[in-house]
């Protein structure tokens, strides 16, 4: 995009476009503004609401410690209402009107892919703090959540060793589900297993009766669910209602990310295997401090709302803050360069380190079993690098790269 | 004044069924050039259904409609109109929301290009004595005036065959007299079929009359003969 | 063999749930020629009523089968008195006004409960057919669907109220001649339609999660089922529900739910193109 | 039409206001507001497409978003494949128009009307939505463009100066284009309605039977009107796609069709300015409501729709026109 053309255009709109494009004019306000763009209502609100709280907590802590580069940090929050087009719109507003230093946000991969081009076009730094399918290769974005080579890589062999080799995959029908289901197939094959069938479901499907019958006809050893959002919750209910819990076990790449285990009953959730970066049960000082701070700010009841994505958001915000401190300025390029030195912080989920080549993170992984509406850790794997994206992406060599790689199987 | 010209309209075993009800039952009907034919019959005799089969508003279940020896069975109303047939429906069917002038323009615009149609419209309004109503919305006019507008619209297109469904319904005595004169005038140029209820009116204009009963043709003859026929009296008055 | 049973149960379930979803709309459309586009929201309100009642400690069956229809019936009554009654005979205006109502109710529920998914678990355990596990709740829905349809049929055919209602729909003059106020009959019919929607919403609530916008998912299906069925309330709804339910489920089982839905929609388009008056407009005119 | 102004003067006034807004707005507002206004214009154009077929053609389409979405997606897919935007721009108008013609022919030659027409259009939009929504798999590609399913298509080449793929339109130029097109379409439709074709279309709305009995092939005219409406909706879709540089299946959604109906009914049926005013007013209100969280947006829109149907069945602009002329007469 050549957006530095036609600066001779008069008029205030044209002038302000020119100003935006010429580069973010720094040091305008008394605060450093940060945009939070999450789904705070609609069918993805279970993911978004705690992420927004995590932003608030992180900013409080940053400001309490004296702010950044001599200024307080101010949050500008947008609710995208679980509607993907609103990401584009709010992304534009954050970049052009609010002129924020960084955008933290995006939940579904679809929302990330909607907002990523906008923020790149308007030179606004972007942090995507969600576990996702991996492969994004773009110097303007940092991805702080777990990727398949971290979560799926841990989950599938563990589940296969417990239950068997034949797998039936259910996935949400958009880029996340499409790609993660390939990773699942990849790791199933790698461990000598067999994928019987992959079924995709649009996010508004809530009746899984026929599917449950189909799964039984296929007779898998276990089911892997990559279902997403409020409507897909009914799958777990219907699965349990049909009495399937005792018959076919299940692993999931998404359950628990929105704290589904506390919305589902014990009978519906128990025994499902998961793998993420964080569980409330991780016994480290950083995690204890984080839980205590959250409880203090939002009330003790609210602690159970914390989930994987909230923790990733908190860690993403803290990583950015550390980089601003190091660079001494919130200027986009300087912050990117600081992060690319391989910065790390100690977060509730353990040590998290930026991988300079991919802008993804090396982090700890825990395999989890749902028990009594809690995420019980059954296995810990320290410091797993983002091998999937590393295999295809090198931003040091190709800083202008701007695509999402997909695994071929 | 009996049949004079060639056959211009013919139906062969024309049948119209609605579900299990046979509204028109194998009707053979012939109309000759220049005729003024009345279709009569009690309510539910099938004359209106038969009429709608001729105008294209209903698609007959069986049988044929021939217009000047061309098969037009099941043709669309617009095709019937394009074949030169003008139709006035039972209740005034006009463009209520539009002005009298616009109504007339639309009647002419199918036959003439825009400019010519505009000019002809004003002529026609004069000819049919509608000029002083020209800017009024048709929906605001009295019932009789709307009937006049509709007949004028039908006739202005110069059809060779004019089909009228109960044109005298709801008219005052004076209006009926004027209508009878108008119909005789139209008949000088066009062949006509008139569906009618009002015996008085039929006597005024009558020539050949076809009587419908229970979906079939009961009798077809000159008006005087028909109205004296015992069977017709029985059908109309009940036994 | 076992799988055949499973397939049949799944098809029956799809037919029954379509019939349930459409029942309230069918009564209101069939009897009054009113297309209620807030129908989906009536279902949604039935669902919320049931869930709120259960969470307040009421027995789940009471909540679904008694509380939900009463509450939604009452809402229907209010809606009829405030809006619908001014619009009788203006089909298009009624559609638009009820569409507005649907937005309004969605907004209202969002303000009260938040735009978020809620749900309750089904009260019936699964059962076994040969090697297969089936949801027990599906059987409950099948029974409920057919009972509701039979109930409407019997009520219209054999009760005095049904007779009067049918008479009024044929000719409101006749009904008033017999000393019945057609306005009152319309009011009662609409209320009953709303109550049926509430009942359906309550029954379906435990199955799928509820959001304030759930109504939108229902209304299109109900609308298509009822219009394709044609004028006859029970025969129409049952025949189109059977057709669409079977198509949806067969295609879903052999591919995915999306194609199931798409197949149903395409079937609806073809059907309406061939039978513009709906199935019963052609084959069963003059029945209920 | 009765109004205080003569018809000619009224159109001159509309033209003048349109031109003033076209030239003046970029000078007085900042870029974010200009972007916001551009989307109002896009919606106004979409409303106009429905207002034309409904208010003048008498066809109530419950799935107008089908053509809007088709325009948006056609543009996105074609732009990715072609690069230069002129061809995709035209294609994205012609394809929805052709699709509307086909669908219209199917409906009107099958003599479907009223509710049945409503159901079919709604269902067709739903089918498109469901189909596009389930194309996330990489096997759904057209040329170089992946359909993307729920994700939609981000980052396709936006409109450029004709013939020069290297110079995309800037936000302010997008505004000029959208506003210019809105004015052009408005007066284009105005001229069409004054032509013989347009007068027959209005006559068909007034009384279909009479028009047929006069020999007009109603099916053909309605199909043509529907196709024109589809083309305009497609044009609005193209602009929408370019505005956000993003399309997703939501453009086919029920909500999209529904809002258009609200715009038209609030603004007023049977006028061309009504749908435009309706779209801008309602969208402005939506934006205002979006900035607070006390009252829900849908709640207010729904209430407005109910009240308009009950109290102002003709819509805002025609009612306003009547009031004005009554005021004059006194």
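Going by the order they are written in, the chains are A, B, C and D; count residues from 1 in each one.
As a working rule, a residue touches a chain if its C-beta (ideal position, glycine included) is under 8 Å from a C-beta of that chain, and two chains touch if they have at least 3 such contacts.
Source: prediction; values computed, not measured.
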item	value
Farthest chain (mean CA position) relative to chain C	B
C-D compared against B-D, more contacting pairs	C-D
Identifier of the chain whose CA centre is least distant from the whole-structure CA centre	D
Centroid distance [mean C-alpha coordinates] between chain B and chain A, Å	76
Euclidean distance of C-alpha centroids - chain C vs chain D, Å	32
Interchain centroid distance [CA atoms averaged], chain B/chain D, Å	43
Chain centre separation (chain B, chain C; CA means) in Å	47
Numbers and ranges of chain A residues touching at least 2 other chains	173, 200, 202
Contacts with 2+ other chains: residues of chain C	110, 256, 258
Overall pattern in which the protein chains touch one another (line/ring/star/complete/other)	other
Chains touching one another, given as label pairs in label order	A-C, A-D, B-D, C-D
Interface residues, chain C side, partner chain D - complex	35, 83, 86-87, 91-93, 95-97, 99-108, 110-111, 216, 220, 223-224, 227-228, 256, 258-259, 261-262, 265-266, 268-269, 272-273, 276
Residues of chain D defined as touching chain C within the complex	60, 106-107, 110-112, 114-116, 118-120, 122-124, 126-127, 130-131, 133-134, 254-255, 258, 261-262, 265, 295-310, 313
Residues on chain A engaged by chain D in the complex (per definition of touch)	1-3, 5-6, 9-14, 16-17, 20, 83-85, 88-89, 92-93, 96-97, 109-110, 113-114, 116-118, 121, 173-175, 177-178, 200, 202-203, 406
Interfacial residue positions of chain A with respect to chain C in the complex	41-43, 45-46, 81-82, 173, 199-202, 204-207, 209-214, 216-217, 229-231, 233-234, 237-238, 240-244, 247, 263, 265, 268
Sites on chain D touched by chain B in the complex	195-196, 199-200, 202-203, 206-207, 209-219
